[in-house]
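Two complexes are shown next, each including subunit A; its partner changes from subunit B in the first to subunit C in the second.
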Partner chain A sequence: MTRLGQAGIGIVVPVVFFSLWWVLSEGSTSPYFPPLRRTLAAFLEIWFFSRFFTDLLPSVGHFLSGLAIGVVAGVVVGTLMGLLPRFSRDVSPMTEFVRAIPTAALVPLGLILFGTGFVMETFLISLAVFFPILVSTTAGVRGVDPVYLEVARSYGLSFADRLWHVIIPAAAPQILAGCRVAIAFGLAATVIANMVASGSGLGFFIVDAQTSFRLPDMWAGLIMIGLLGYLANTAFVLVEHRLLGWHRGWRGATQAARAA
Partner chain B sequence: MSGRQDPTASARAQTAKTPVLEVRDLGVTYGSGPGAVMAIRELSFSVDLGEFVCIVGPSGCGKTTLLKSIAGLLSPTRGEAYVAGKRVEGPPKDLALVFQEYNRSLLPWLSVGDNVTFPLAARKVPKADQLARRKAALAQVGLLGFDEKYPWQLSGGMQQRVAIARGLAYEPAVLLMDEPFASLDAQSRADLEDLVLKVQRDTGLTVVFVTHDIDESVYEADRVIVLTQRPTTIRQVIGVDLPKPRDQITTKAHPEFVRLRTEVLKLIKNEPTAS
Partner chain C sequence: MGSDVPVHGSSQKAEAPLVTGGTQRISRSRAGLTWWQRFGEPALVVLCVIGGWELLTRTGVLPAQDLPPATVIGAAFIGDIQQLRVWEALGATLASWAIGLAASIIVGIPAGLLLGSSRLSYLLFQPSLEFIRTIPSIAALPLLILLLGTRGLELAAAMTFLGAVWPIVIQTMYGVRDLDPTTMDAGRAYGLSRLQLFTRIVLPSALPYIATGLRLGAVVGLLLSVAASLIAGGKGIGFLIVNASFSGVPELVYARIVLTGIMGLGVTLTLVAIESRLLFWHASHRRAVT
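The block that comes next holds the complex of A and B.
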């Protein structure tokens, strides 16, 4: 399919979805499924006015800082584990252990350590982001073609140059695949963190709206979370496209060579 | 052995010819104890400035091991190698290596131009210099104007040209080539054999070319070093006095070419030879 065709479908599907929602919900009298018209009115009022600074901005801020910390830490530790098989063997039981614990179960620990607020939420989000990046970076660094490294060594590249100009770019496709998963994990952790343990933020807002029976508000909250996920993913795809343009072409060329 | 200590002999060697590459009593054993494998028993040879030397041997002999020892990618168990008079203790600054696996030795995230210059960038060669050297090297291999392409957009033969250009741009004293054309089709292979001969003639570069192709070794070389089965030693060194410039048709039909290739073949197959 052409890229234009794909972009077209990317626009057409949501438009159809929301149109159908609008039409089908218009006459709804169920308090649980309010008309989309009312939900969108609430959406605009809430997210662009009343709750913009109190809930939306903090959640986005926590998400982005947690994402940044988790990605950097995951790439650094993952690179070490990929480069040092012994270190990897020693620490991997520990990382597997912590990785197995769901983020929600770590909320109480976060509360004890950091109380409520920015630090606690960022801690949880970065932890959720850290592990998928760690795993993919370790695999990516370990899987770098040894011929690349031999070439770099034969031309006298220092270790820092080899790391920065050979190992990281060669592992980049896998690191970025991990980022894609991490973004979803991070968003989930953002919502969970403020659902369970704070008095503000997107997750808190949804729970609060539901318990006080402001159901259009709850729906508006859900749409906002979906929208954030969509925007985060779109931004990611743009970055990936720029960084990994070579990878698509290279993979295509290697597959064609293998088929021939 | 004693000849090397003799001052007159070494003085004579220096005035006559300068060795750019010297391998002395080099030996490599993998592992230790009863499971140890001796890949190279003992090798000594030298390559003079501007010489084109081919190293051939039966498959499974220590060609790659020898090459890695010279390139500083592997420490020999015994003996040493010298490149441009300096003992090899890591990858030498005066040596460029061209790998067999052209599709893996070029970095797929870098353009052709950047693949040629990244070793120079790592050496902190000034930008303007890098660009001049890249242009000259790409011109020498017939890829002028391909800077912006990615290597995987090119054919195998062209990719190996890029790898050769990278070696040339590095301006080494020795260009070391590890079966560079073994994975190419016959046509590209013949083209590249001629290309390397031409570049060598134009630049006076010293080339050490490892191959398992006997015809190729005789066609390219001033001298062919024939190795034995492992544990490897030198079976024989054969001078190739074929007229230059050589070409695929007349040189390969030359009676001397036919005689030499038969001789090398017999040496590799370990059969008695006339000489």
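The block that comes next holds the complex of A and C.
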């Protein structure tokens, strides 16, 4: 089957799902499950007009800044932990413990330290993003083939060159695998932070819609969060293809070798 | 939090060898460590951090109002765990988590086996499942509050289910798809029945993937169970944290967060132990066991 054919088949399920949803909900009188038609009307009205600047943009902004901080910090600390076993052993009791705390439980901490708003939400999101990246970067850097490092050293590469041209690229597949998990965690943290302690944002919006019983609005919020997740993931896949183009070729070659 | 990057059985199949290479190297270097290097020095560092925290908050370099000294948090912690309601809340969170996780195993593993068993169903459902996985399950909380209410364990259990079922389905599906065709052919050549093929070849070879899915699902599920009681109230540990925060006792907030962390750590360690028990025969665990 061609790649296009494979992608085409994948479309079938969502199309069937949304068609069924549309048809089955059309005559729905249950307040909890409004007709999809009304939900979509609410979706367009809310996200393209009334709430775009007040709820959608802030959430996206907090998510992106938290993601950026968390990824950079995770890669830096993870590289250090991967390169320096002693440092890794000494800090891992603490990182392992903080990592085990469910993000939601840290919201009250964020509130005590930063109050409500941008700083608190960004702090929470970057913390949620930090740990998956930290773990995958540490494993990736530790797993770099020692032969690469010895070759690089024997060619007289400086430490900075070895780091930038050998270690980071060799660890990149794992770092990016961590990014994938991190994006999902960061998005969840964005919504949770909004829900607990905000007067705006996506999470606040759906909770607010629920408590004031505007259910088509709540569904519209749900769909928007789903859409954001989808967009974040699509953007990630594009970046990954870009960054790992060289790696895929190598992978294809080894897979072919293994199959033979 | 506490996400684990899928170490084996990751969706990017060819990466597994890279990772196992890494763990092998770690265990090799671990073998040559003294007791001091492995436990003594890390413990000393932890003590220094706690001591530094105490010093900075006592001397007022850090605001003690927001950051209570370590000893104050410790005292609050010890006082708190002598209260019955703290254990009830912990029990409620763990019970709802266990119910939700059990339901997601009962639903997720058969669904994953079914979807992975044919190429067509895999191609049909894989993109949609990968899409659903990126949607934060927490977004469904308001809807579930309406449907289930906030009094009982149902809400937290349903949230756990919703978070845990997707990684389990997806990893199981990948596990079945990643079956080595040569092994299957050998099984057929030996005249194994369909059932035997399934129990002796398909299931064992998918098991590492299923274990990864379970570990991911369990961690995400715990996060959602805590989040449910934190946001919606109810019986769980999340509500206790919010309660302490509303009553304006920061050291109690810290103490209860520490308690939640201990719970999370306990869950993670239990899962790792179960996994290495179940998968001791698998290459990725063999070295760690011997």
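What we mean here is this: the second predicted complex is superposed on the first by the 248 of 260 C-alpha atoms of A that agree within 3 Å, B and C clash if a C-alpha of one lies under 4 Å from a C-alpha of the other, contacts with A are read in each partner's own complex, and residues count from 1 in each chain.
As a convention for this text, a residue touches a chain if its C-beta (ideal position, glycine included) is under 8 Å from a C-beta of that chain, and two chains touch if they have at least 3 such contacts.
Remember, it's a predicted structure, so these values are computed and weren't measured experimentally.
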| item | value |
| --- | --- |
| Overlay on subunit A: subunit C relative to subunit B, clash or fit | fit |
| When both partners are placed on the shared chain, which of subunit B and subunit C touches more of subunit A | C |
| Partner chain in contact with A:V166 - subunit B first, subunit C second, else both or neither | first |
| Touched partner set for A:F131, first subunit B, second subunit C, both or neither | second |
| Subunit B versus subunit C as contact partner of A:S30, first or second or both or neither | neither |
| Where the C-alpha centre of subunit A sits as vertex, the angle toward subunit B and subunit C in the overlay (nearest 10 degrees) | 90 |
| Partner chain(s) touched by A:L106 [first = subunit B, second = subunit C, both, neither] | second |
| First, second, both or neither for A:G156, with subunit B first and subunit C second | first |
| Touched partner set for A:D145, first subunit B, second subunit C, both or neither | both |
| Per-pair minimum CA distance [subunit C against subunit B, superposed on A] in Å | 13 |
| Set intersection of subunit A contacts, subunit C complex versus subunit B complex | 145, 254 |
| Complex contact set, residues of subunit A against subunit C | 1, 6-7, 9-14, 17, 32, 85-86, 89-94, 96-109, 111-113, 127-128, 131-132, 135-136, 139-140, 142-143, 145-146, 173-174, 177-178, 181-185, 187-188, 190-192, 195-196, 203, 206-207, 209-210, 215, 218-219, 221-222, 225-226, 229-230, 232-233, 251, 254-255 |
| Residue ranges of subunit C touching subunit A (in the complex, touch as defined) | 1-7, 10, 12, 14-15, 18-19, 21-23, 25-26, 29, 37-38, 41-43, 45-46, 49, 66-67, 120, 123-128, 130-131, 133-143, 145-147, 222-223, 226-227, 230-231, 237-238, 241-242, 244-245, 250, 253-254, 256-257, 260-262, 264-265, 267-268 |
| Touching residues (chain side subunit A, partner subunit B) in the complex | 145, 147-148, 150-151, 153-158, 161, 165-166, 169-170, 172, 246-247, 249-250, 253-254, 257 |
| Sites on subunit B touched by subunit A in the complex | 71-73, 90-91, 93, 95-97, 99, 101, 103-105, 107-109, 118-119, 122-123, 150, 152-153, 170 |
